[in-house]
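Got some structures for you, see below.
Both of the next two complexes hold chain A, though its partner changes from chain B to chain C.
On to the complex of A and B.
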């Protein structure tokens, strides 16, 4: 009959109206500044730069390859590559970003910069209370504001950070082994030049280096 | 004593006016009443807004405003200060004069309608023999304001909203008038005071309100539907449908002009509830004869606020209609049913006293309702809609 559905709907809202006074668990909202809901692990909003160790400038993973700058759809990243090279966390001499700015007011949180970064240097943060009193400069973050430690990354995205660390450790081991192998090979070559009989040892050294990988 | 409390505002006014020379007294009397109306109705508007925000919040399992003052009670004051201090923007190509006039016209017209409502025993600003007609004339003028606002803003959304608003208000004006014609037929007068007097009688302690008769109940329901549409309230809030038209006809209004529109809308709601109260709910008369000692103005305003609560409840429940559904509902259901109800009211009048007319009129109306509803819903399949590409 006409009007039946309206009565049902009215009953439903009346039930909600009374119920919200009776049972507190019906209330779906929290009183925000006083109460907070912990963000879920997949939360993301704006990118930050990861550094290893204690000093942000020395431990910065970014090598200023500028891939993220080129891929960024709204073009909110601005990088100036350094002229000199500095040793990175692995001790290898690398370029570093002399400037690295992200305009948070332009960023659309698409995470493409994170996807394309080959060095695991840029990740998504969960910090959302970013209001500033300065309308133009306040939301343009420079290197120092963007740099956050690997511990912070572990805190906000534990699973993802553990995977990243494992991958980086693997790569480090691989490059170490390669370096060791190369060193050994060089030593063997030098030795072989002097004494040809040691060449069998050289052949055995290479697979040994390969099996360190996890 | 009871008499004094009932007439306290009238006595207060006479005492105030008594200080003036006799020649000025009629003018002063009117002025005092006008000031009282202009003070009371905006305060009721503030309370209504607070009730609406809290009530809607609770219906959606939220708390609603709770930051400004205890239980968020000072929220309307904060809103008022905010809208007063905001920048008043007039679009560059807009018709500035008409753009300015539209909210003023709305508020003036809406307050004019209140002038004829009997808000208590001897508490009518203007005793008019054709008060009902005057009220509807003023109510119809709000359409002018809506169209002025939409036209002068030079904005497609404003104009679309205004077009929708005018179409809707004209369509629902007809059933609104027709449903009150039944009351006029029964009372034999267009004077709102006489209509209340006719309902202010009791049998076995129960009042003779028109809502407690079959034809009156039907007319009241149709009046409530038409009044909801007339005041652009949900589910008939198409003219300001924010999901498709930004804010409808007041898209280009900001600051205090927007606040005036807001005020006009809510005072319009209050006044149309006041008319509904007067026509069907016995105006200022008490619901039981033993409650006759409670002041008459208390009954009037509590009935009005109760109607506002129902408005809020409806808004919290129903989704917005589509334009064609709105028009079909007005012309194919509400209007025929009110016309039919006029017939039943006439039947009721000529069958005389006795129980027979109760049975006959109720059965006829119920059958008509079921039949019209059945015809309207014939071959319409209502089910949960599934979207092919969304699954």
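On to the complex of A and C.
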């Protein structure tokens, strides 16, 4: 029949046209405030400071070494080192940031601060709903706003967080073993040092003792 | 003013109660047409926001106008170089009131990674009033939608009279913003003191 091919083609076009309104897999719109696209694990937005335990101020891993401040390409980090020290996760007394500000209006999410941090203290967050009407008040985050728990880190980047935890646990075990070894060595040394002292003491005391003993 | 609970109760009975202010603000916020204007890489995210996946049409802002005379909102999407800044201010001046500005991305807010450079403006808020700032490099399309909702909330909260009323209802408010000109070393003036003052840093 004349025009059969055209009709077939038009039917195909019509099917596609109608299908784009009804078939579920072709309705691509994500109704944003209600629905969200699940973030992939490598999603990153702005840095946050990791803390262990319940208290953000006591458990903060950052020791204010200021490497991230120096390495930050757009210079959006501002750190003031503390004067006193507080014990860190390993029990060693460390400095802590008396002030840690990130101007997220300048941050370019390059992750260099995360890569250079030797203490696993700064990580990338996935929070993106940060629109503010005031530029200087709302977009400058201080350390309280930046502090987020290790559990939060586990929730947003599970694989990476598990690796970090394993590494930190290994380091802690090593330092514990070292401390134990050092303590043992010190004890042995003290014992070794004490022995001659005792023997000399004994030797010194011997004449008197020898006199008394028999 | 009608009590909120009473209004809902009346709504159930089929009586619609509103105020001029609410109606006016509803009209203002429900069809904010952006200007078709992109400056750098953030523009790609802005384009993505208009497409089917994110669909800014759900908020009544899908009609990107090619002329500032027909636009209500300017999305400063990207780096504003000092060469481009006078044009941005001029386009803003040509827009009809009520008009809004969203600064999208680190460069538009503060200069971002180019902040230390000689040729990039350290934030468009030096010359024109910015309503919403979106941090990010670049922000996700959802972040732009969220900023859009923030802007709508801001419009909804404005009263038509008294302090903090919209600029176009305020006869004293600055209407036209001076366009900077390239000077010998920098743009002149370096900022518009009417809209921007250097922040006081407390350290």
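FYI, the second predicted complex is superposed on the first by the 176 of 214 C-alpha atoms of A that agree within 3 Å, B and C clash if a C-alpha of one lies under 4 Å from a C-alpha of the other, contacts with A are read in each partner's own complex, and residues count from 1 in each chain.
Throughout what follows, a contact is a pair of C-beta atoms (placed from the backbone, for glycine too) under 8 Å apart; a residue touches a chain by one contact, two chains touch by 3 or more.
Every value quoted in this text rests on a predicted model; they were computed, and no experiment measured them.
Of the two partner chains placed by the overlay, only chain C lies in contact with A:104; chain B stays clear of it. When both complexes are overlaid on chain A, the residue A:29 reaches chain B and chain C alike.
Once chain A of one complex is fitted onto chain A of the other, the partner contacts of A:21 are limited to chain B, with no touch recorded for chain C. Once chain A of one complex is fitted onto chain A of the other, the partner contacts of A:132 are limited to chain C, with no touch recorded for chain B. By the touch criterion defined above, A:10 reaches chain B but does not reach chain C. Shared-chain residue A:2: touches chain B; no touch with chain C.
Once chain A of one complex is fitted onto chain A of the other, the partner contacts of A:170 are absent, as it touches neither chain B nor chain C.
Judged by the touch definition given at the top, the superposed model places A:158 against neither chain B nor chain C. Residue by residue along chain A, chain B and chain C are tallied for touches, and C comes out ahead.
Chain A residues in contact with chain B (one complex) as well as with chain C (other complex) are 28-29, 31. Every residue of chain A that touches chain C in the complex is listed here, in rising order: 28-33, 36-37, 45-46, 73-75, 80, 99, 103-110, 128-136, 138-139.
Chain contact summary for the complex, chain A toward chain B: residues 1-3, 5-6, 9-10, 12-14, 16-17, 19-21, 26-29, 31. Interface residues of chain B facing chain A in the complex, by the touch rule stated above, are 55, 58-63, 66, 313-314, 316-318, 369-370, 372-374, 376-377, 382.
On chain C, the positions that touch chain A within their shared complex are 52-55, 58, 103, 106, 109-113, 115-116, 123, 125, 130-137, 139-140, 142-143, 145-147, 149-150, 154, 199, 203.
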